[in-house]
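What follows is a group of structures, each given as structure tokens.
Consider the two complexes below, in which chain A is the common component and chain B and chain C are the respective partners.
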Partner chain A sequence: MESQGNEPQPSGHGPAEVTSSLRERTIAENSMVILLQGLQGQVTTVDLKNESTARGRVVNVDAFMNIRLKDVLYRDRKAQLTRLQELFITGRNVRYVHIPDHIDIMKTIESQLAKIHRVRNFASQGGGRKEYTKKTK
Partner chain B sequence: MEERERKSAKPDSKETATSSCSRTPSVPEREPEADDAAGDDDADKTDVCSDKFDPLLALYSPTVQVPFPNVKCFNNVSAYESFLRGGRGRAKPENVEKRRLKAMKGVADPERIERLKKLMVNNPTPQSEEGESSGTARRRRQQKPKKNVLTRMPLCKGSPLGELYRCVEERIRVKVHIRTFKGLRGVCSGFVVAFDKFWNMAMVDVDETYREPLLGEAFYHEKALTISRLFEKLKLQESSAGEEPEKKHEARETATKQQPADCTSERGHSRTASKLSDSVKTKHKVSVKAQGPEVCQKKDSQTYGKVHTRHINQLFIRGENVLLVNPQPL
Partner chain C sequence: MVLLRNLPTPTEGVRHEQAETTAVLDGQKLGCGTLYVAETRLSWFDGSGMGFSLDYPTIGLHAISRDVSAYPQEHLYVMVNGKLGDENEAEMAEKAPDDEEDDSISSGGDDDDEEGTITEIRFVPSDKAALDSMFSAMCECQALHPDPEDDDSDNDFEGEEYDVEEAEKHQIHGHADIPTFYTCDEGLSALTQEGQATLERLEGMLAQSVAQQYHMAGVRTEEANAEFEDGMEVDAAALEAGQFEDADVDHW
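Let's turn to the complex of A and B:
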């Protein structure tokens, strides 16, 4: 069905899509990145380590905290404003991510974990492959 | 049952006398339900399904009715034996199975449909008896403890992260020291909602006090920033705006108060050692700074190097930036 150890390519159907890479899924499941993945589609501010900030809509967050934003207002440390259509931030450069006030942190984490759980069980529960072996009868 | 069918078909076909003679004694053995009853109705005797079935009579009678019309006929018993064993179109169990499955290829198998239904999410289907393997597998997986970021939080008990979990559970306000590329940037004071092994933290009700790092010559010359100095600078900033000498005294007091707070912040982080020594040094230097307003004013005239505070309702901190976490004593 899917090859394991896929490079982090988003499947791209929508912000609610869980990554198809098993490795990324497990990393996300066991760390707080999953909270950031739950913010996909929201408008947030990301504070970077270089004292600049980027405010925009979160397109995608991967297991390594790499963040893709769109329609971004980027403010550098000199407070100089720049408008950008797309911005990619390397995970290591993130310092803070502001979480919108209306987001419930625990609920977001739990719903993301449920999504992963669903994807994982669908793929492995004797469905795709075991379906066609002789032993099914 | 099949044997009975084929046996009754034989009267229509010619048999060699020898084979029939040799076979007839064994025929009644093969027919468990056959009765060697003498006399009675001919019809009864030649009826395969009756108690008074006489196989010998049935074999030679021209008027035997076969209960199953579409039965496979054999010329002799050995042909029948050979057919049973498999012969050319060998009826081996696996071949039979293969041929059956092939024949059923296009047909919708209800069992398969049941299996697919079981895969569907949020579809409570009753488990079929056939699915015993998948049933046990699911039970095993349910019994296996789930490991995710939320379940891993309480597992840290006994380690520094376990202390952090205690702060989550008991909703203790913590102060998180944030680092810049070299040294302290500031403090985030708030409640931790969730964390992970990298010290990534989700916090609420955060008051951040920070100073952007100085660069260049200023960086070279400045003394290392500590918590006490940070708040001291903050106070002086506010005071120089209003220019009240009392606030400078307050600053000194708050600076000394910060010291015990820093002392209690030892949570197994080695970096606190350097911070403590720094804060010990500041005890002496604070008074110098308080009495040296001209130095502070010089700092304020520059547009950077100022200490800022802000309030953020919900904040996610990447663990890499955390210097230390200081639970506030109640």
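Let's turn to the complex of A and C:
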């Protein structure tokens, strides 16, 4: 079925690795999820629909807005704090994702899109089988 | 979700199986058993075969907790939206006393989410090193169950407002829903896993058909058959042993 996204780069800067799933890439291109995917490596807070929040480092965000965080401080609805090493939040349960103030939103979106387009245009840049080179090149 | 019923253990699509795992449901220990992280559902069974299963859409989040000051054992924490099924609420402690009207888990409805009723489950394996695998397996399975109710119309691929599509439309013949199709220009990396498997199979066939020339003496065509049994019936038939024994090498 759908393949899981690629493992993220350890560095906090630069565009996140693009998933190998065509469906997920297409969804990402057509929604703001692509911004969240660009937050890989950043520390941020996710507000859940059940009134709890989770603050941690973004490991991965997939096209369905499933968010994986690590080194998390989780605050439940009763404001009780818990530390969690790894946390996976189902996309359906996400209400807000806080974008860190220092993030340049447009640049992040653009670099994520560029990443997707590089994957898509892989063959026409000379990689891959010659049979698939675009006629126009 | 059913609790402590005699259910068959899953056999297919089990991404992870963890024995010697204690299940704690809303603070109540259910005993020691085996956790099955399968692609269809998450289930746990104790030694006598009684257990429960969870559907992934009902799972709000899962996590690894290694903070022993919060809970004395390292464990896999799973938060389920909604309360338990009707079967055995009497013994179960209610987590959210203010949300009592909804008695059943609806895996699709948003009602439970709004009311905030949750069930907390902790899976405590005796092998703490297994927590990472358990967690990862759950992540993978969770990703297999995207929210079908996603009202984001952007996932509807009919829109044409998309620049790259305009450029690529010229190379595509007759397909309107551009984003789901790639021309062969897109290259290998645009293929899904199935696509790549298909490509490898086809390439294998090409390689085989070239090699065929050198086996025209009738030595071996059977080996080719095994590769093509999954769908290229026409060509597989053509590769029946002996069929090309009298063919000229030049025909290839």
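Everything that follows uses one rule, which is that the second predicted complex is superposed on the first by the 108 of 137 C-alpha atoms of A that agree within 3 Å, B and C clash if a C-alpha of one lies under 4 Å from a C-alpha of the other, contacts with A are read in each partner's own complex, and residues count from 1 in each chain.
The working rule: a residue touches a chain if its C-beta (ideal position, glycine included) is under 8 Å from a C-beta of that chain, and two chains touch if they have at least 3 such contacts.
Everything numeric in this text was worked out from a predicted model, so none of it was measured.
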*Does chain B (first) or chain C (second) touch A:88, or do both, or does neither?*
second
*With the two complexes superposed on chain A, say which partner A:111 touches: chain B (first), chain C (second), both, or neither.*
neither
*Look at A:122 in the shared chain and tell me whether it touches chain B only, chain C only, both, or neither; answer first, second, both or neither.*
both
*Which partner does A:62 reach: the first (chain B), the second (chain C), both, or neither?*
second
*Would you sort A:48 into first (chain B), second (chain C), both or neither based on which partner it touches?*
second
*Can A:30 be said to touch chain B (first), chain C (second), both, or neither?*
both
*Counting only touches as set out at the top, which of chain B and chain C does A:77 meet: first, second, both, neither?*
both
*Quick one: chain B or chain C, who's touching more of chain A?*
C
*chain A residues touched by both chain B and chain C?*
29-31, 49, 51, 77, 91-92, 121-122, 127, 131, 134
_Which stretch or stretches of chain A touch chain B in the complex?_
29-36, 49, 51, 65, 77, 91-92, 94-101, 103, 105-106, 109-110, 113, 116, 118, 121-122, 125-127, 131, 134, 136-137
*Can you check the complex and tell me which residues of chain A touch chain C?*
1-4, 20-23, 26-27, 29-31, 48-51, 54, 62-64, 66, 68, 72, 74, 77, 82-93, 117, 119-124, 127-129, 131-135
*Which residues of chain C touch chain A in the complex?*
56-57, 59-67, 70, 77, 81, 113-114, 116, 118, 132, 135, 138-140, 142-144, 146-147, 149-150, 152, 154-155, 157, 159, 162, 164, 171, 179-180, 182, 184-193
_Touching residues (chain side chain B, partner chain A) in the complex_ = 97, 101, 112, 115-116, 118-119, 121, 133-134, 137-138, 141, 147-150, 152, 178, 181, 193-198, 200-202, 204, 212-213, 312-318, 320-321
